[in-house]
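In structure tokens below, several structures.
Both of the next two complexes hold chain A, though its partner changes from chain B to chain C.
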Partner chain A sequence: MQRTLAYWFVASTGRKSPTSPWLAIAAGLTALFVAIPLVYIFFRAAGAEPAAWQRLLQARLWQLLGNTLLLVVAVTCGALVTGVSMAWLTERTDLPGRNVLRAMLALPLAIPAYIGGIVHLALLRPRGGLILLALEEIIGRPVATPSPLGFWGAAFILTLFTYPYVYLLSGAAFRSLHASLEEAARSLGRTPWQTFWQVTLPALRPGLMAGALLVALDILAEYGTVALLRYETFSSAIFVQLAGRYDRSAASVLSAVLVILAILILWAELRVQGQRRFTQIESNWRPAIRITLGKWRWSAFLLVASVVSASLLVPLGVLIGWSLQAFADPQTLEAVFRAGSRGFGSFVWNSLWTSLLAALLATALSLPVALLSVRYPSRISRFIARFCQVGYALPGVVIALSLVLLINRTLPFLYATPLVVVLAYVLRHMPQAVRSSESALNQLSPSLEEAARTLGRTPLQTLFQVTLPLILPGLLAGAALVFLTSLKELPATLLLRPPGFDTLAVRVWVWAGEGFYVQAAPAALILVLAAALPLSFLLRQEQIFSDSSIS
Partner chain B sequence: MSLYRFLIILSILVWGLTSCAPAPGAQVTAAVATEVSTAVGSPTPASETSGDDILGKLVIYSGRSEALIQPVIDAFKTKHPHVEILLKAGSNSELANALLEEAANPVADVFITTELFTVQSLAMQDVFQSYLPAEADQLPPEFIGPNQTWIGLTRRARVIMYNSELVSAQEAPKSIFELMDAKWKGQIAAAGTTNGSMQAQIAAMRQLLGEQATEEWLKGLLANDVTFFGGHTDVRKAVGSGEFKIGLVNHYYFYLQQAEGSPVGVVFPDQGEGEIGLITNATAAGIVKGAHNLAAAQAFMDFLISPEGQNLFAELNYEYPLRAGVPLRQGVQPLDGFRLAAVDVVKAALDFEATFDLMERVGLP
Partner chain C sequence: MNTLDIQHLSKRFANARFAAVNDISLALKNGEILALVGPSGCGKTTTLRLVAGLERPDAGEIHLNGRVVASDTVFVPPEQRGVGLVFQDHALFPHLTVSENIAFGLRGRKSAEIRTTVNEMLELVGLTGLASRYPHALSGGERQRVALARALAPRPVLVLMDEPFSSLDADLRGAVREQVRSILKAMQATVIFVTHDQEEALYMGDRLALINQGRVEQIGAPEEIFHTPATRFVAEFMGASDFLRGEAIPEGIRTEVGWLPQPAYVSQPVQVEIALRADDVDFELSETGNAVIVERFFRGAFNVYRLRLDSGQVLHAFKEHTQILPVGARVRAYISAGHPLAVFQNGQVVSNGAE
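Up next is the complex of A and B:
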């Protein structure tokens, strides 16, 4: 059958409104912008001399692939188990202190995993960790504690700081799940255990898949933690290639393989997500009845409390302790304030303005894409929206590698300016903005816009007077998410920052690399608190703090 | 709810604090500058210092880590308070890459490396401009680059450090080839391929022993489960705490760890009959071709080899100053008594690429 142009543009839902050409152009340009690093990396990798491929295939590639996949699988499973169980305990049981714990379980998202890793490493480092030394002092002889180094350490630390993705998404699913579903299963003779596996879990599946995807892609892109804990993955190997060699083709080859891996994961998720829909009838919603834990109450509390301690309280406590120590010692304090080329204030300011600018740009760019895909659904518009998710599959090191070469050759006036760092943030975090804008638009009935048009408003007037004000909370949520993740970004910033330009994340990394934990602590603490601000805004939108659920 | 409110208030407080932070930072710097210049005997910091004529920004790329160059920069700034110094610290090869990329549109004024092969290979690719500081005659002539493209600053030796609670002085390896001995399996730490000093050691060994023997040595290290860290600071701390018994490091890492009170010992290896001798290298600096602030760059180069600059390297970091007559820090073992391996810098720089190929082929992390 011959496919005409109309086939591609006519909405699959049957709506026949013509696509505004300007909107289509804006969305297309955004997609092109997002495509640049992707195309460039494949171009470079394909152009690499065969000898570079040969050397990598012989020595490194398979081992890296194994290492990376092993870590991705382990952390994703760990995050799923931790996230779902924490969500179930706080949403569905009479766990003591659940209202406070519910919030605290989400807050580790404000702590970059490498900062958590630095703290745990300082505490547990084999033969030198603070906990070991303290135990030795008390008991009088050396004691062995589990080491945070290597595969198990990296898996443990990364699980601690990525499970909140799963926790938040499954928590939301638990809250919105219709109680009658589970009650029906129970009344049909299923045990609670069977009900959980056969009814609850399948209904949670979309949320779990989305959470698992975020975790898996996060781990693929993770640089700081694996480098710190000496576990080699693709991201850290690419970083080493960039820092250790003149020749960049090997880095391009590794990057291309990494990006293909990420795209495969992304594609698998889209396939699975697309297949099943769970429809709930919206009437008569009421929350499920809480399960009484009985004698398990306090062991469950201990379990949740230990997760909260390891992922939130201990890192925060240690950072606060170190910061106080830094403030108590005038010499350290002076070192803290004079650090870098331009002092403490400059890198706090740099962190804030680059992340904020990235958040605004990403949100603005996501708007045409979301408008096109939501209001004018067609194969092309959906393709553009999907394509803008590609940033998820571009780890910071890969974006840095492509930008450093591209910018210098095509836009030399931008080279070695902080704007390149902002550009990297936008490219990397665009998907979050697109997803947020899409979901905000999805919730807005087009009839409101149509009414405005009927009343004589131009499309542009409609956009600014009706659509934007109504979807503003959704857009802000997207911007907050981009701000949060940009603030925490490390590898691209490390590679792209101009001379004398530091951010909080970079400073913490440089200091910790030299073993100056006390000096690094105030910067790390400010980074965490600055990240907690947008996070708390997002959590409030999630209504995680609402007391509406029945106690 | 209260936790949430608490967090918000805390964040706002921090926000408020940080927005005023530049001011205190600036005050600290100013205070320090005043203090130093009053110590010299001048009531106003700016008027009597020699650096009045030097203004603007000076961009320094440094392969020496920030902690090992910032004190020198600070001392330079007290002499020339009107120049703003922007530092980018990274690995030698990362920055060398950047310099090559930027050749048409240079960003950096001065480049500092931790070994000679990178500066020499950049010099051969026309990255530097000639500059010979007036006091360069105080340096040994072999540490001035061809066409005066770079100057050497300090010397460092590749040594074996050990934890003296776990290893006795007698037991400790006397040669880098003993690191392949199975009795040290899993107990040795070294720096990985990103580290300039490690790269330079491998390049030197290629020249002294040939490709094959060097490859065997590297494979021997890998087979012996040597742990490769990103940098030597991790290595020295791991040996100091006893996490590893043996570390392959530059000599000053031993002294830095000793100064922290750790039980560590040192071997200046390969001194026996027929052995290759102690491998040394030197830090160096050059002025980038097309540097925007030539006056500041030249002043900075002058400072690096001035008695004051050289003394800082010796005192803060236990290095061997190249300038004649600058004393070693007390306690540092002089190099005079050792047989040093002789390496041809120009030849090693020409072969540097082959060294990288070797590391990659062997799969060194």
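Up next is the complex of A and C:
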């Protein structure tokens, strides 16, 4: 019986000995776990009274859909253009200062977009923006600056803080691309310009597509920035229904539409991922020759420098300035350290332990899934691995909604505990853990595990003595990624936290919403620094968003 | 009692059109080295993995030292088989040192015993000075020997080697091969050695088993396989370059290049093919000959000539390195083997000079 069950699991490509049923069960349970919020949202949406559907279809739905899609397309295009051009300039040309710029271009990933938005809003607000005031001071009369509010502002800010996804993916691809590929194109009569469009870019396309679709999913889920800049999308509308009007069936209907949209994008992303191949650095690999920019050198430098400034230096500089201001002013300082139920230390602690616990749980849960899909490939194991990516398609507000409803109904003792927040992080960020674990396992030759078996180790001993020690760096990378994104998470935390349970992200959001920028700055700065640590670990490992492995 | 007995072993992978292993039976005596040789994808590695317990057979039985380890009702997992496996990519644990790698299979023994065994193995493979190195700091040949030491250390009943030299450079391969064979013989190990290289198989094996499309084509001593191939496939795999068509009668074989007086086991005239190596063929310049020189390849120590017979069939012939003849010249080709040749009808041998 065990044997037949196991055979069923390896039915399609079973090159290996049969799956351990325990592994299959563990992976299946993980898939079930991530399936619950998804299924429940559709269940609720289907159960909503027709009137709710009617109301939404008549008034809001089409406008929300239009708004959301417009923003997604704009930001995705913006991130693609910015990301690829920054990667090309730093990897392929003799740009001055490219080594420093290369690192700085990736760092905006440590800054949550809404914190970047808060800074830019404070600088450029139509009334009372700091730059505005400064200009008025100098010129002596009011001047008009572009407003960061609305569609263009949101598109601008979100592009600034999502282009690093594309930048990192295309940078890695530029580095690993075989120089002889481009040399072959040149020897076959293509100019450098034609080579770029006809050879280099097509070779990078799968990676770029994957990056772009990840950006699109991110924008669908974005709440903080669009709410701050008063541009209404699905996420912010759901948030309002949940937090303000408390209309759960309207929220469910909107969520279902949003999730369908996200699943379509995720499906496309998984397909593109499947087409990607390992760009292997062969023994005769050598870097491509750098293009000499000549007289364009300094204009290119200015371009890169302005991207770095807007996305990294200005936000960081302003936060540091405000923090210093906060420390200089005893009244503000007292407000910072007194606020909340248990003061500043508790926000930091709450942020750290929830994110860390989420990282550990997500990594642990991803392990059986990755083991099953990499070592025992079959239709079912592949399905489970893909299904566990569904978190990408579940925006924070949707996860919050389904957890609120579910936990109220089935596990009331969990309601209003911080564990629900952790649960939301795990559900939302599981895909990153699964991808990292899969990629780590893919790089481990199965013959190492087989060698341990022939030297007298049981499957379980092999797992602990050979597999785990060797994939540990990959697992750590996955955990770091989950930690980083959990730390930055805002909407689910806002909706699910018990009263008085504040994290850094929540505090920054609440203070900034009340206009206390200076007071919010130290928390924001610590949040950014805490996120920068795992990010720099990932950048050094070159593990971030690199080779995931769904085939 | 045989160390290994394989009976009617079969394995077919899901979605595969053909069986990877198709009704293979083999036996190994204690201390014997059997080389499994065949083209890639012929099932030799799968056979090895079935013996190691890394795959489950669909049918057939495997006995190790008289104990059933795989059958319709029994499946002993690899960790309980006591079989040593040397992998193609060596599969050294990168997080363990050389001596930790070698000690990996010795778990559960006394630490003094482990230390002695590891030192013995290090000495045997000549790596005493490298005990505390990690695998990445070793050369290819050294890794190869660590992999062998690790497999041999627990004194396995049977050692399986899966193309162990294929990841080594050609110039290193010869030297490592000699070392490995003498180590195996010194340990009196019973070994199955998988390779796709016929020369390596001839060197390593006490016996050879030729595998083709999941079946054993022929099994026997290296000389036997080389001199009296049982099938056309074996002859071709062991280096026959041409198959000359002819007509066999019981007394001999009529061919385009003359009469071969070698009795054939046929009752009536049949079409056959004679397996020829380039050193079995010779030719001389002759206006009234039966062939034309098409091409000459200079190989340093000798010349290889490609001849086209009047029927269109191509033969290859060796000449000394000083004998340079013009392409296009008309020649008379003939068989100059001086030993019996293998003759096949529909791929099966009908004459090889032996009774």
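Rule of thumb we're sticking to: the second predicted complex is superposed on the first by the 515 of 551 C-alpha atoms of A that agree within 3 Å, B and C clash if a C-alpha of one lies under 4 Å from a C-alpha of the other, contacts with A are read in each partner's own complex, and residues count from 1 in each chain.
By definition in this document, contacts are C-beta pairs under 8 Å (C-beta built on N, C-alpha and C of every residue); 3 or more make two chains touch, one makes a residue touch a chain.
Just so you know, these numbers come straight off a predicted model, no measurement behind them.
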Per the contact definition in the header, classify A:466: touching chain B only (first), chain C only (second), both, or neither.
second
A:455 in the overlay: touching chain B, chain C, both, or neither? Say first, second, both or neither.
second
So in the superposed three-chain picture, is A:230 touching just chain B, just chain C, both, or none of them (first/second/both/neither)?
first
Going by the contact rule stated at the top, is it chain B or chain C that touches a larger number of residues on chain A?
B
Please work out whether A:445 is in contact with chain B alone, chain C alone, both, or neither, and reply first, second, both or neither.
second
Look at A:349 in the shared chain and tell me whether it touches chain B only, chain C only, both, or neither; answer first, second, both or neither.
first
If we overlay the two complexes on their shared chain A, which of chain B and chain C does A:532 touch? Say first, second, both or neither.
first
Figure out whether A:190 sits in contact with chain B (first) or chain C (second), or with both, or with neither.
neither
Which residues would you name on chain A as touching chain B in one complex and chain C in the other?
none
Using the touch definition from the top, list the residues of chain A that touch chain C in their complex.
10-18, 445, 447-448, 450-459, 466, 469-470
Quick one: which bits of chain C touch chain A in the complex? Just the residue numbers, please.
13-15, 52-56, 77-81, 83-85, 87-89, 91, 93-95, 104-105, 107-108, 150-151, 154
Chain A partner, complex, touching residues on chain B are 1, 3-4, 7-8, 10-11, 14-15, 18, 20-26, 28-29, 32, 59-61, 65-67, 74, 84-91, 93-94, 96-98, 100-102, 104-105, 107-108, 192-194, 199, 227, 229-231, 233-234, 237-238, 240-243, 353, 356-357, 359-363, 365
Which stretch or stretches of chain A touch chain B in the complex?
55-56, 58-60, 63, 99-100, 103-104, 125-128, 227, 230, 232, 240, 242-248, 250, 334, 337-338, 340-346, 348-349, 352, 404-405, 408, 412, 415-416, 497-501, 510, 513-516, 526, 529-530, 532-533, 536, 540, 545, 547
